[in-house]
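Here it is: the structure, laid out below.
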C-alpha cells in the first residue's frame, strides 16, 4: 500500500470519526456532548494504559499483559498512602509512581532480562504470569472490596452547554497530555530514546547508537510502569480501585494501543480516545449490552483496512 | 503457445517505494537454457527485481511474462508452481527441519495431498510421502549433501547451507531458477564446485538467472550479463564486452572510490 | 543404501511409539487413581482428568496453529463456546436429539465459523492478529450473553443430557473419561500424521519464514486458514464434550481468561512440540491442587499461607514465570532432551555404522 | 539392534513401574479410612476468589464460626461437624469439579454453595445425580424454579427483593413510570428481566431498560437516555462497584429521581464508594442489617444479636447478608442432620420438612413445592440517610 493511500485512509478514518461526533452532537445536542465528554474521559484512561503497552512494544516488541496491573497498583497505592496514610496528594502521587516504577524495573531485571534471547510469545506468557501474581498479591494485601480515593479537587461537576464533567476528568486529560508529550519527546528527541527505537528495529544498528538491548528493555519497563502507576493514581477517584481492575484496563489499553498503532505514543492517545468515544456513543445509541461488541468490531474492521493500526508503521516485507 | 525459446520476458518493469524508484522500466529476456547474470553495485535493485519476478513485490508498472503468460499479480507459490523459483541472498533455511525435510518442502508445488489425506495418512498420502523422500534424497545426492540428510539444516556449515538452499529450489523441478548471490560467503573451492554444479544443471536444460558479486564466477559461467545501476540497465552483452564497458567500470569504481 | 538413507529419522520419528505408550498410561490412570488417598492430592483425579482431556482437545489444535503455523489466537474460548452451545441447544431444544450428532454439529459449526472469521483476520500478523482474535473472543462472549432467546443469556442452558453413542450412555465421569481421552489420542494421532506430512512441513516452513515458504511454493494464506479451521474444529469438539460433561453451560465458561489459559498451556507445554499441548494441559491442571496440598506436605508454612485461596494464585503466577525462565521452550522440550539423552549412545553407535556405509560409496 | 532396545528402554521401564504401582496398590489396596462415621462432613463450594469473592468470603467466615461453635458444644448428636470448604474461583467448571471432589473423595453427607448463580447451576447436575442435598447461597430465581428435589436456598430470592421494591415504588413513591439500569452479569440480568416482567402487573410502566458492563467506569450515556424518558424513579440492579458509579454519575448529571438499588448493595462498601451520592438511595435488605427492625425479645432478634456480636468479635467487622446466608445454610443442614444423621435420603427429607427454623436472614419454612425458605416478609426496605441505614416503615 503506497504512502499516499495510507494518508488518504488516515484522513478517511479521521473524517469518519468527525462525522460520527458531529452527527451525535447535532442529533442529540447536549446529551450527545455528554456522551462525547464521558467518552473522552474514559478514552484518556485507555490512552494512558495504552501508552504503557506502546513504550514496551516499541523498544522490545513485547506485549506486557501486566500493564493493567501497574495501573491497578497505582490506584491501590494512592489509597494506602493518601486515603489511609493521610499523605498529601502530591507526595502520595510521587511515592506511588516511584514505588511502582521500581517494581517494574525490578521485574524486568528479574524475569524479562534473563529471557532476552527467547521468543516474544515466551516473554508474553511471563508477563501473564506476572499479571496473575500481582493480582493475587493485591487481593491478599487489599482484599476484594473496591476502595475509594478522594478526588483531587472535589466532586463538584463543571457544567457547560448542558453537559457536565467531574473535575477529576480534567486531571486525567492533563496527565494524558503531559505523558504523551514526554514519551513522544523521549523517543524522538533524546539520543537514548532514538537508540531504543533502533534497538527494537535491529539490534546491530542499536549497538552503533550505543544502546544495548538490555538497557533499552530496562528503561522501557520503568517508563511503562511509571506511566501505568501515574494513570492508576489519577483515575482511582473515577473508577474505584480494586485488586481485579487491572484485567479490564489491560484489555482496553491493549485494544487502544493496537487501534492507534503499536509503538506510537500519539497513536496510543488517538486509539484510546477513539475507543472511549465510540464506546460511549454506541452505549448511547445501541442497546447498551452490545457496546463492547461494537467497539471490538470496529477495532477489527480498522485492522483489516489498516493492518498496522492508525498511526503504526507498516510491517516491512523484508526477505 | 509459448514464444519461440524465450522463457522469461521482462517488459519495462518499474518499482517505486514511496518516492524513489528502485527499478526504472527495466526490460530483458531470458531464453531457455541460458545462464544470464544480473550484476551491479549494491542497491542497484537486483534483489528488488527478484522480489518482483517471484511475486513477493508487485511492479508499479510494466509486465513480466513466464512462458508467454503474464505473472504479474500472481502469488509467489503460483509462480513457483509455474516453474520459476529462487534462492535468497541471506540464507532462508527452515528452522528445526533436517536437510532432507528442507528439500522435501521444495517438492511442495509438485505434490497434492492436503489436510484430510495427510492427517488420516491415507494410502495416497503415504505413497506421495515416499516419492517425495526418494526424490529429495536424489536431489541431495546431486548437490553432494546425501550424508547430511538427517542433520538440522541450519546446523550445517555455511557453504553446505547454500548448497542445501539450492537443492531445495531444485526439488521444485523449476524451468528457471533465480540465484541471489549463491557464492556469497563461499570459499574458493566451494565456489568452484558451485560453478561446476550450475553448468551441469544448465546442460540438463535448466535456465538460470543469477545475481552475483563474484566477477570470476560470473565471467566463467554466464552467457550474457545485464548490468543494473540505480535501477536502470546501463549495459548488457557477453561477459567480455561488459567487462570492458566504460560505464560499467565507472559504476563499479564509482562505488569503490 | 538409498533405502537406508530414506529411512533416516526425522524430527517426529519417535512420536508413534510415545503415543502408543502414553495412551496405555492414560487409560490406566483411573485404575491407580482410586488408590491415591484424597488427603495426598486433594482432587477427584478422574473428574479432573475428564476436564483436562476436554481442554486437551482445544490445546492440541491450538498448538498446531500457534506452535507449528506460528499464528497466534487469543480467542479460542469462542470456538470452545460455540461447540458447547451448539450441542447444548440442539440436545435440549429438540427432544431426543442424538447427543453424538450434537457433538459433531458443534465441531462442524465451530470449524465453519473458524473459516468465516479466519479468512479475513488471518491476513493480520503477530500482535495485530492476537488483538483481532481476542476481539472476536470478546464479541462471541457478549453474544453468548445477549442472545437470550438462543443461549439462555447469562443463566445459560440447563439439563443437558449426558453423552450417549451406539446405545451406550456415558453418564459417569469414569465412562466419559475413556471417551474423552480416546478422542484426545485420536486427535494426537491426527496431528502427528499431519506434522510428518507435506502439509506439516508447509506449516513449519510458514512458521520459520513466510516469505521463504511462499517462494518455495507453499500457499501460506490458504494453509493459515485451513489450520485455523482445524484448530477451531478441535476447540469446538472440546466444547461440545464440555457441555455434555458439565451438563450445564453459561457464558462464564468462555471468557477471555479461558482463551489465555489455553495459549498458556500451549506455551508452557512447548510450542511446536506435538506433546507440548498435552503436557501443558496436564501440568496446569495439576499445578493448583499440588500447590493446594503444599501446606500439609510442609507444615512449616506461616499460617497466613494456610488459607489456600490467598496464596494459590500468587504461587501459580510465580511458577508460570519460573517455568518460562528455566524451560523457555516448554516442558515437553525439556523432557524430550531427557529422553534423547538415553538414546545418545545408541544414536552414536548407529551413526558410526551409517557413516561407514556411506564412505563405501 | 542395541539401538532399538535402548530406544524402548525408557518408556517400557516407566510403563512397568506404573503397572507395578497399580498391582501393588491393588494388593495393599485398603481404601482410605472412612472417617465420616466419627465426623459429620458437610461440603461447601464458595467463591473465595474471582468476581464473586466478596460474597464467598463472608460466607466462609460464618461457616468456620458455626463449625467452631458447634464443636465447642456437643456438636451434632455428639458428632463433631466439619465444613470442608472449596474455592470455585467464581468459575462454573471449577465449581463442578469441587462438588464432585467433595462428594466422591471426601464423602460429604450434604453440600452448601455456591455463592453465585452461575456456579450453583453448574453444581446442580452433580448434586442431583449423587442425590446429595445442596443448600445454595445464591439468589438467582432459576435455581429453585422449577423446584429440584435436592436443591434448597437460604437467601431471599431476587423475586422477593423485587416484590419488595415494587411495593416501595407503588406504596411509598406512588411511581407509575420507572427506568431500569442493570449489570450485564447473571445477577443484574436475572433481576432486571423479572422486574420488567412484574412491573406492569403493579400498574408500573418501564420507560427504559438499560445495562452496563460489570467493570464499566462511566454510565452517563445510559443515564442520559433514561433522563430523556418520563421515568419517576430509577431501579439499579447490580453489585458493587457499578451502582456506586451510577450514583456518582447521577449526581454529576444532577438527576433528581430517586435511586432504588438491589440487595446487591446491602453493604457498607456501597456507602464508602458512593460517598455523599449514596444518601437517599433505597434498597431491599435483610432485617439482620438493622437488628432493631426485628421485635426485641423474639428468638430471631436474639439470634441476630448474638450472631452480629460473635461475628464482629471474630472478624473485626459487622456481618453482611452474605455472612448470614452462609450461617443459615450451615444451620439448616446441621439441624436436619440432628434427625437424619448422615443418610443423604433422610437429610433431603429432613431439610424439606424444615418448619419455623430461626435463621439470621429470617424464619425458614421449606416444603415439597417451595425450596426458597424465606418470603418477601423477611426483607425490609432500607434508605441511606447521612451515610447510615434507616428502615423505611
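Before moving on, here are some points about what is shown:
In this document, chain identifiers A, B, C and D correspond to the written order of the chains, with residue numbering beginning at 1 in each.
Operating definition for what follows: a residue touches a chain if its C-beta (ideal position, glycine included) is under 8 Å from a C-beta of that chain, and two chains touch if they have at least 3 such contacts.
None of the values given here were measured: they were computed from a predicted structure.
Nearest to the global CA centroid, when each chain is reduced to the mean of its CA atoms, is chain C.
Set side by side, the interfaces C-D and A-D show unequal numbers of C-beta pairs in contact, with more at C-D. Work out the mean CA point of subunit A and of subunit C, and you get 32 Å between them.
Here the CA centre of subunit B is 70 Å from the CA centre of subunit D. If each chain is reduced to the centroid of its CA atoms, subunit A and subunit D end up 36 Å from each other.
Across the assembly, subunit A contributes residues 139, 247, 287, 289, 292, 317, 319 that each touch 2 or more other chains. Within subunit C, residues 145, 211-212, 312-313 each touch two or more of the remaining chains. Under the contact definition stated at the top, the residues of subunit B that touch 2 or more other chains are 56, 88, 92.
Residues 66, 72, 120-121, 123-128, 130-132, 134-136, 138-139, 142-143, 145-146, 211-212, 256-257, 260, 263-264, 267-268, 271, 310-314, 316-321, 324-325, 328-329 of subunit C touch subunit A in their complex.
In the complex of the two chains, the subunit C residues touching subunit D come out as 14, 17-18, 21, 24-25, 28, 31-32, 35, 37-39, 42-44, 47-48, 51, 145, 153-156, 158-159, 171, 173, 242, 246-248, 250, 252-253, 308-309, 312-313, 339, 342-343, 345-347, 349-350. On the subunit A side of its complex with subunit D, the touching residues are 31, 34-35, 38, 41-42, 45, 139, 144-148, 155, 157, 159, 164-166, 235, 238-240, 242, 244-245, 247-248, 280-281, 283-284, 287-289, 291-292. Within the complex, the subunit B residues that touch subunit C are 54-56, 75-78, 80-81, 85-86, 88, 92-98, 100-101, 104-109, 111, 113-115, 118-121, 125, 128-130, 132-134, 137, 146-147, 149-150, 168-169, 172.
On the subunit C side of its complex with subunit B, the touching residues are 2, 5-6, 8-11, 190-191, 193-194, 196-202, 204-205, 207-209, 211-221, 226-227, 230, 272, 355, 358.
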